[in-house]
Every structure is written in structure tokens, then in C-alpha cells.
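Two complexes, one shared chain (chain A), two partners (chain B, chain C).
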Partner chain A sequence: MYQTTYHRASSVDEAASLFGKSSEAKFLAGGQTLLPVMKQRLAGPSDVIDLSKIKDMIGVEAAGDTLTIKAATPHYDVATSDAAKKAIPALAYLASLIGDPAVRYRGTIGGSIANNDPAADYPAALLALGATVKTNKRSIPAEDFFQGLFTTALEDGEIITAVSFPVPAKAGYAKMRHPASRFALTAVFVAQTKSGEIRVAATGASQSGVMRVGAIEAALKANWSPSAIDSVSIPASGLLSDIHGTSEYRANLVKVMAQRAVAAAG
Partner chain B sequence: MGVEGIGARVVRKEDKRFITGKGRYVDDIKLTGMTHAHFIRSPHAHAKVKKIDSSAALKMPGVVAVLTGQQLVDDKVGNLICGWAITSKDGSPMKMGAWPAMAPETVRFVGQAVAVVIADSKNLARDAAEAVVVDYEELPAVADMQAAIKAGAPQLHPEAPGNQVYDWVIGDEGATDAAFAKAANVVKLDVTNNRLAPNAMEPRAAIADYDAAEEHFTLYTTSQNPHVARLVLSAFYNIAPEHKLRVIAPDVGGGFGSKIFIYPEEMVALWASKKVGRPVKWTGDRTEAFLTDAHGRDHVTHAEMAFDANNKITGLKVKTYANFGAYMSLFSSSVPTYLYATLLSGQYNIPAIHAEVIGVYTNTTPVDAYRGAGRPEASYLIERLMETAARQLKVDPAQLRRTNFITQFPHQTPVIMAYDTGDFNASLDAAMKAIDYAGFAARKAQAKSQGKLRGIGVSCYIEACGIAPSKAVGSLGAGVGLWESAEVRVNPVGTIEILTGSHSHGQGHETTFCQLVADRLGVPISQVSIVHGDTDKVQFGMGTYGSRSAAVGLTAILKAMEKMESKAKKIAAHALEASEADIVIENGEFKVTGTDKAIAFPMVALAAYTAHNLPEGMEPGLKESAFYDPTNFTFPAGAYICELEVDPGTGKTSFVNFVAADDFGRLINPMIVEGQVHGGLAQGIGQALLEHAIYDANGQPVTASFMDYSMPRADDLPSFNLSHTTTLCPGNPLGIKGCGEAGAIGASAAVINAITDAIGKNDLEMPATPDRVWRTIHAA
Partner chain C sequence: MSTVKLTVNGKAVSVDVEDRTLLVHVLRDHLNLTGTHVGCDTSQCGACVVHMDGKAVKSCTMLAGQADGSSVTTIEGIAKGDELHPMQAAFRDNHGLQCGYCTPGMIMSAIDIVQRHHSQGSGGQLDEATVRQELEGNICRCTGYHNIVKAVLDAAGRMKVAQAAE
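Now for the complex of A and B:
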């Protein structure tokens, strides 16, 4: 690790102010990506600003038809939150599948979506549920937030403070775990909103990161059942291909995981 | 047995320090004035090193030195050696290129060191390493073994034309051809044995400390065999004579073979500590472990088995290509030859066997012994062949094995090994009963109704352990003898120290070895301590690998104990005014049999050291030593059966049951044995389903971290159903066969046989990843 200066911010404003004063600062949430990269000397920020101890950024709250997860809430807290399990059980289930226990105790929703790894779990939920990303400057619909591999709408120094999820009528998540990293080899989140809209998002599959799957949405709109997806054809072109899964395999997984997510959603 | 004697499930003495974080590993050791080494490693698989410019680095704060491969040459430090000479079928010796500890001219795999920075801290060394400019001229590289042997392939070493190290044969080719000519059926199979990265929990590390006044070196290192390390460092590398080099292997966090070998880093640390006049420490990180710890396996094999009309095997032909990587590591040459082909008879009566093994250089990390070393490759091949044959011949796979089991012992195979004892039917019976083999068809049908493909796979392995009779291995080309030594030191108060040349790096020797003493003397194990891993304390030893520590190392302790007890009995008889022949040892006392006369063991020990009243002419003291050279290998064997389900939608495998019925001979501590089997099974299953060290066509590793290399985790594994059937090994007095590698040897074939049974297709390579299984299911 290169030398760096560590700051523990006690408020969002302080974090933003610290960022403005530094030459090459990085925000630290759970550190599940930043710290390994720093240890390998692939990143060398002058300053590291820790957001994980900011009290206003931790917690899960349900109010009306909205579930809000504050940005520095660890995955374990979401997986075990009564509010999350009651409002959107598929989301709590998703959090329980992230990485391994060590990752779930440290990693946060804000860190996950800010990094926007193409195989991360949360982006699929945000996109399928039509969530809104709250920052210290604005609100960004999930649709606009994710902009391709490791790329988001966040501006330099902008801090995610929370994610708000509209509570759906039904939702389900199914994941094929990457055997080594435990990211998603491919995972699919399906949701039926209270207004009847069908939204399906896949992670781990596309070379462009998390994606909506229009063909499956159309099939499910006609018939909300796993068998409705049988006849859907998912093209392998544009999908990731590596030693753990060919693009053809991932195309198959998009279908199979969508079917299982629908079955889980009921 | 007593409560702590042979056969007792004694909780491990060493675990208190391990699980409370009080273990003392090399990296925990800090010496005054210690410097830190960081190696500069090649990013290229094959390149000329044109120039190394360290001028900027040498000006950086805290930098003590930047040393290069050329300086090793200038100081006449020897190249790394391979300690087992193999002769090709044309009579020529194996062809090897030189392996310098840091490359002065040419690098041949990604991660090979070209220079080292020595600095006041690890971070400063790393900072300075970034300022060292190495000018490489890239050369064409070849990572794939089949590509490496083709005409026109990039050549690694001028000494080895065609990248061929050797072309070695074993067995009777004429008899084998004759058997195939008369065969009623011939079964053919191509298998790949995937390359594995060992990944011991503790990475390799070394601290070298040179004492200029005494011209003496001390090396703390992560070694499975510190005496062998000292021997090799002294005899071949021109570092220091043996009496001026102390090697200490303290607590070591796993080895699996990868810590047998002498690596460049500890050599360089020793050499550098003298050059800079301060202790030098190097601790590898996980990336360095992936790049530089010797890998395991990596075979490609074509095999054919001949059967007569009664389904009796009449012949076996095998041709194997073995990938050695870029250099020949310490025992690499023996692994695909004498540790592999000599086990090709499996548990079966095979009248004629012929095997050819071609060793190949590629631009990859060197390959050497990894848990099982040759025997997993043999067992996997034979057990895949037996399953394939059963399918082709349309007979039950268990029955086909029974038809061909060796049942008379001793049994001389056509490939050197003479099996001493065993009961293969007993193991198979136990495994079949444990898994309810007879009920499988109903369970398969039930699973099918739920959309799952269920399969069952058998693997009947045999291995050669207790390595090894020195004369025998010497005649086969080994550069060392493979006996073991022991010393029993009784203190004047009756506590006992056992010095052993075996080395414990997770095996539980500190408990198991004490149990022998407790068993013989009836003293609690708390009165006994095991001393190992230090060449200044233990006179000599060959170390721990090849499941040899109980069969060979513990037998050496037994021999030393017998000598000590004999002397102690004389002292007791003298004190009790009885005949030596009437003295028996019970519950920590020396008794005159049939009387109530007794003397406690500590009083015997005290008498030996006060020497006030010893038998006429007896030397004071109570300390004996022994060297034990085994008379044969030992032959652990067993039957593993795996039942699993494959999800046809994803190709994912889920275990239903995994039963292991092993014959390890006598068990000293069944709990520790079970732990060894669990670990071995995890590695065997890991090889079958998860692990694969992969290079791209240019020799770049693509699995050099745990983000890409799939290590098995607890939730990847089933609960294991273990049992033992026992035939005592006649080759050693304790009847021990060894248990350290069995799981890794037998498990892979059981898993693949079960998956191929489930999906109804025989052609499936390891690791059987979900993607690979899914594609196999859906292949035309």
C-alpha cells in the first residue's frame, strides 16, 4: 500500500469538505474493493475519507410504500433487517448472498453501487425495483445512475447517502454464484410493481454491466410464470465470457435465473 | 491403549496456541537490524533481460541494496537442482536447463525473479522496486504442453531440444501388446489432470541471519524438511557448509508438498544477508504464492485397457504428457514417473502394463509434488477407466472392480510395486453399505421426478506411502535416502523430549507422537514434548511428505524408545534387585512381574542421572536415538463413493452423500486421521469441481488470485461419512500405512464418475465447473 492519509468523517458535510481539500481523495465505505486495490498498489489515493462511521448514513427504514437503506449500511444489516424482510424480502435475500460473511459485515450498499462492478448484486435490485439513489446533492433514478462497467452518474466528490426502493407487489432474486469470487456469475432480479409494471434486471451477464432484460419482461407481462420464459431467446452476443462461464452459458443463466426468481416471487 | 495411548481420540496439544493466535510462524519473528526483501519479478512468460537499472532505486530512502542475477553468478552461487535423475528410454539422462535463483539473462515464466531490493522496511523495498527499470526483450512463449512439443514451438532451454525433458517408459511393452492382440474388449480414454495451485494458508517466508564473526548463517523458513533444505543449500548452492548453517522451520501453516522444495527466495535471502551484513526477511504475498509456489499435476493422458471375455483386465497401455513448467523443481522428475506409473495397477490384477511418460517444458510456473504427487494422477486415470469400462461392457461398476481385485498378498505388480497387504473387497463392502448402493436406482428415479440428474461414482484407490526404502529409491535415481531419525531424551525428573526429523505443519505430530510414548510408558502426554524443525536440535531428518511421518518417523521413535526402555529396565531391575526379564512397564511404573515391587519411571530416570547406583559398567544418562529405514512402501487403500445431483438448468453439482472407507492400518489418533481425510477429500473435490491454474496462450496466468482461482470452501463440500477397514501393515512394527494424502488421491475420480453417471456422458474434464457440465449435457 502506498502512503495515504486516513480521515474519519463524522458527517456527510465534513466528508464532502475533506474531499474538496484533498488532491486525490477516495471515499471509503466498507472497503471491500478499495482496500484490496490499494494493497496491490493499483490505487494510491492521497487521502482516504471513511464514511462508514457517519451515523446518519446507517440504517434501514420503511415508511409507507418506500424502503430506504442508508448508504453505509452493511449487507449483513440489510439481510437481517425486519423492515427489509417485511417490505422487500427479495432484497434482504439478495443481501444475504453477497460475497461471504466477512464481506457482508463490512461491505455497504453505497460502496457497492458506487463501484458498479458488472457482477455486483445490488445494481440488479435497484434497476428492477426502480430505486432512487440519494446523494448529498440530488436524487438519481437507478435507470440513469448505472452507466456501464464501473461507471455511474456520480460526480467527483458526490456522496451517496441512501437508496430508496418503492415496495413492489412481488419480487424475486436468483443468483448463480461465481465459484471463486462469490459475485454473480449471473443473477436476475424480477419485480412486479404495485402499478403492474414488470421489470427484470440481470447482473454478471452483460459486457456493459447491469441490464434490463426486455424480452423476459415482455414474456412475463403476458404471463407471470416461470414457464412463460421457456420460449424466450437470449442472445449470447454482448455477454461476458471468461474461464468461469462462456457467453452462451450466461445467456442460459439469464433465462434460468429469471425463471427461478419468478418462482421465488410467487 | 490408555486414555492417551494408541487409538485414543486425544485433543491436539498444539491447537491451544494455534487457535489463540500464539503460533510462531516465520513472519512473526523479528530480528534486530532486520531488513526486508522485495523481489522484482518478470511480467513476461519468456524474455531476455537486457538491462537492469537500479540507480534511481539505490538513491531512495531506506534502500540498502539492489541485487541481481548477475551478482549471483559473479559470487558463484549454484543453480537450483533437481534431486531425482530419470533416464529416458533411449538410455540418455534427462535434459535440463539451468535454473538460477534470479535470472541473469533469460526469464521463462511470469513471476520469475530478476532482482531483489533490500530495504529497511517492506514498504520501502516495494517503493524502490518500482524505481528499478528492467529492460526486457520479449520472446515467443508457450504455455500449453501440446503446443510446446510441436515442431517450431518456442524453445525454452537449449539443453532440452523440442522442450522435452525425458521420454521414460516402464513395464513390458511386448507382453502388453500381446494382451491387446488377444483382447475381447478394449476400452480407451483420454483424460486431463488439471493444474493446481497448492495455496497453503501461510505463504512462504524466509529470514536469513548471517553472523560475520562466526561465519555462520541461520535461516528461518517455511519448510516441510529443514534438514533437506540445509543439505541442498550446503551441498549445491555454495552458501555455507552444513555446520555453518542452521535451518529452523518453526510453526508452518500448511505445506501440501509445496514447502518441500528449495526455492530461489530463501537462497537469495541467505546470500543477501551476508552481502548487506544484516538479517534479511522475505514474506511472500498471495500473488507471489500463485506465481512461484510449485504447482501440482498437469497431465494429459491417453490410456487403453484390454479385457478378456470374462471382463478380466489383461493389459493396460498408458501414454502421459507431464508439464513441468519452465524449470525442473527439486523432486519434479520423480512425480510423473516413479510416484505415478508405479501405481497404475490400482487395486487390480493386471498381468501386463506399459506406460510412457514424456516430460515437457513450458513457460509456466514449475510443477512438482502436491498432496498425493503422482498417485492422484494414477488413481484418477485407473478409476475413470474402470467406470468407462463398466459402461462400455454394461456391467455394474462395483462388480467390475470386484472381478479384478487383487485378493492374494503379497502381490507383485508389473510396475515395480509389491503390495504387502490389503482387503479391497472389505473397503468396497463398507462404502457400498454406508451409501446404500443397492437403493440408488430408486433414489435416481425419485430425483428425476424432481427434474434433477442423480449420479453415483465409485473410486477404489491405492497409493504408495511411507516413503521410502532408501536402497530402493536410490536404485531408481533418488539423490537421497528416505529413512527417518529419532532421539528420546529422558530428563532426570522423568519428563521426556522426543526429537524427530519429521516436521509438523498441520499434521498434529505433537499429539500423535506423544501418544506412542504414553502408550508404552503409561505416562500422560503432558509429560512428553516433541522437538522438531531445527537442525541445531535434531541431528538429521528427511522431513514430512508422502504420508511418511507415522509409518517411518514414528517407527524411528519406537526404535529409540525400545532402546531407552531396555536401558531403563536394567536400571529398574538393578534397583529392585530383580531380573531384567521380569520387569514390565505399566502405568508409569517399572514392576517386577507377579510381585508388588515397583519403581516409578521418574525414579528410574533420576537414578540414571545421579548414577549413584547403576549396574556395573553402565553409562549414566537416559537418552537413545535410532535411524529407521523402511523395508517397503506402505499401501493405504480404500473405496470412496460419491452420490450427487446435477441441476440440468445450470450444470451445478450438489452433493447428496460422500462415503470414504479407508484402510490405513493402525490408527494412532482416529480424530486426527479423520481430520486428515477431511482435508484430503476437500482437495480432491476441489480438483474435481473447482480448482484450475490457467495460463493464456502467451503464458500469462489468469488465475493468480482468489477472485479467479476457486479454492474449495466449507459450503462447497458435503458432510463426509467416514469409516475404516483395517489390515495391519506388515512392513513396520506399528502396522501403520499412512493417511495424509488418501482423500486427495481417491476423491476426484469418485466425483467425476458420479457426474458422468448423472448426465449420461462420459467425456468430462476436471474441474467440472457448472459451465462445463452444462455444455457437456447440451453438447450434440
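Now for the complex of A and C:
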């Protein structure tokens, strides 16, 4: 790891001000991605600003038809949160599939979405549920937030403070896990909003990162059942292809995971 | 350089380290607690697992500064004198190790699993499938896991008895 200077922020304002005073700072939440990247010297920030001890940034709250997860909440807390399990069980289930238990104690939702790994879990949930990303400057709809591989709408120094999820009528998540990295080889989140809209998002599949799957949304709108997806054809073009799976394999996984997600949603 | 203050295995310690220093290197190189291992160094193998404020974490994926002010327990801190922790005893009795390299991390993760299930009110009734699933962040290249899982289930029973006796 290159030399760096560690700062622990006690408030969002302090974190923003520390960022302004540094030459090439990075925000550090759980560090389960940033630290491995720094250890490989693929990143060498002059300063790291730890957000994980900011009390206002930790917690899960349900109010009316909205579930809010503050940005520095670890995956373990989401997976075991009574509020999350009651409001959006598929989201708590998704959190329980990230990494392994030790990673889930440290990794956070804010860190995951700020990094926007094309195979990360949370981006699929945000996109399918129509969530809103709250930052210290503004609110950003999930549609606008994710902008391709490892790219988001965040400006330099902008800090994610929370994510708000509208509580859906139904939702389900199904994931084919890579057995070593535990990232999604492909995973699909399906949701039926309270107003009847069907939204389906796939992660781990597209070369452009998390994506909506319009063909499956249309099939489910006509008939909300796993079998409705049987006749859908997902084109392999634009999908990821690597030693773990070809784009054709992933195209099929999008269908199969969507079917399992619908079955799980009920 | 920063001063990092920790409570390690019940003892207050203070070390002056570069900010880029990982927790595992403070434990091994500064405190000579070499029971905690570095295996893959990529957060996948779990040989470096220690407890920080009661939770199992990968000490190769934490800066020492992130742990400042925390209480850390390593494999050296779980036995009571000459009396092995029930998890250590169960690993020995069930032949849950061969080369032993992964064992400290396995034991620290396994204690966390048992404690978590005790506190979640499942009465510590861990089943084999749950243990196998929750040990996914610890890799062993010798045993084939079978005796490790047996050891964890055995220890879950012993720890429940020990907890009831307290």
C-alpha cells in the first residue's frame, strides 16, 4: 500500500471539510473494497477519510411507505434489521448474501453503491425498487445515480448519507454467487410497486453495470409468474464474458434468476 | 505516523505506526501476536480473522487506525490460562486441523458464529448446513472441512453448557 494519511470524521460536515483540505482524498466506509484496491496499489489516495464512526450515518428506519438505510450501515445490520425484514424482506435477504460474515460486519451500503461494482448486489435493489440516494448536497434517483462501470453521479467530495426505498407490494432477489469472490455471477431483483409498476434489475450481467430488463418487465406485467419469463429472449450482446461465464451463459442466468426471484417474491 | 490505542486480549496497548499499517501487522509485527495469520491477503481466506468489539473481522482488511479505541481479541486471548477455550478443545478432539494455518481464523470465526446464534435466541441449535454456510469466509486447503464442521457443532454444545453454568 502507498503512504496515506488516515482521518476519522465525527460528522458529515467534518468529513466534507477534510476532503476539501486534501489533495487526493478518498472516503473510507467499511473498507472491504477500497482497502484491497489500495493494497494492490491500484489506488493511492493521499488521505482516507473514515465515515464509519459518524453516528448520524448508521441505522435502518421505517416510516410510512419508506425504508431508509443510512449510508454507513453495515450489511449485517441490514440483514438482521427487524424494520428491513418487515418492510422489504428481499432487501434484508440481499444483504445476507454479500461477501461472508466478516465482510458483512464491515461493508456498508454507501460504500457499495459509491463503488458501483458491476457485480455488486445493492445496485440491483436500488434500481428495481426505484430508490433515492441522499447525499450531503442533494437527492439522486437510482436511475440517474448509476452511470456505468464503477461510475456514479457523485461529484468530487460528495458524501452519500442514506438511501430511501419505497416499500413495494412485492419483491424478490435471486443470485448466482461466484463461489470464491461471492460477487454475483448474475443476480436479479424484481419488484412490483404499490402502484402496480413492475421493475426488474440485473447485476453482474451487463458490460455497462446494473441494468433494467425491459423484456422481463413486460412479460411480468402481462402475467406475474415465473413461467411468464419462459418465452423471453435476452440478447447476449453487451453482456459480460469472462473465464467464469460467457455472455450467452449470463443471458440465460438473467432469465433463470428472474424466475427464481419472482418465485421468491410470491 | 499515528498513535493507535487498542485493548488487545484485555491489555491496553499503544503503538506508533504509519497510517497505512493494517491491523494484522500491528498484531503480528508490533505486538508479536503471531497466531493471527496472513493467508491470501485479499480478504478471501479468513486466516487473519480476529474479534473487534465482539465481532469477527478480517484484520488484513482494516487499517490499524480504523481499530483505534477498539477492543481486539486474538487467538492468543481466548484460553483461560492452561484451559483451552471450548472451541479450541473441540478442534483438537475432532481433529479439526491438519497443517493448522487456517485454524486461528477458523476458531475466531466459529466462536462468532456460535455466539451470534446463541444471542439470536435460536438456543444455539446450530445445524450443519448453517455452520458450513457461515464458515464461507474461511478457507482450509487440508481438511475438506468435515471435521471442522464437526468441531464447531461440538463446541456449540459445550459453549451452551458453559454459558448455562455461568
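What to note about this one:
Following the convention adopted for this analysis, the second predicted complex is superposed on the first by the 266 of 266 C-alpha atoms of A that agree within 3 Å, B and C clash if a C-alpha of one lies under 4 Å from a C-alpha of the other, contacts with A are read in each partner's own complex, and residues count from 1 in each chain.
Quick note on the criterion: contacts are C-beta pairs under 8 Å (C-beta built on N, C-alpha and C of every residue); 3 or more make two chains touch, one makes a residue touch a chain.
Values in this document were obtained by computation on a predicted structure and should not be read as measured data.
Shared-chain residue A:A180: touches chain B and chain C both.
Judged by the touch definition given at the top, the superposed model places A:L35 against chain C, while chain B stays out of reach. In the superposed pair of complexes, A:N115 makes contact with neither chain B nor chain C. Comparing chain C and chain B on the residues of chain A they touch gives the larger count to C. Touch criterion met: A:I243 reaches chain B, while chain C stays clear of it. Using the contact criterion defined above for the overlaid structures, shared-chain residue A:N252 touches chain B, although it does not reach chain C. Shared contact residues on chain A (touching chain B in one structure, chain C in the other): 1-3, 100, 180-181. Listing the residues of chain C that touch chain A in their complex gives 2, 18-20, 22, 41-44, 46, 49, 55-58, 61-63, 65-66, 68, 109, 112-113, 116, 120, 134, 136-138.
Those residues of chain A that touch chain C in the shared complex are 1-6, 8, 28, 31-32, 35-36, 38-39, 48, 50, 52, 76, 80, 99-103, 105-106, 180-182.
Within the complex, the chain B residues that touch chain A are 123, 126-127, 130, 287, 649-652, 690, 692, 694, 702-703, 706-711, 713, 716, 769-771, 774-775. Per the touch definition, chain A reaches chain B in the complex via residues 1-3, 40-41, 100, 176, 179-181, 185, 243-246, 248-249, 252-253, 256, 259.
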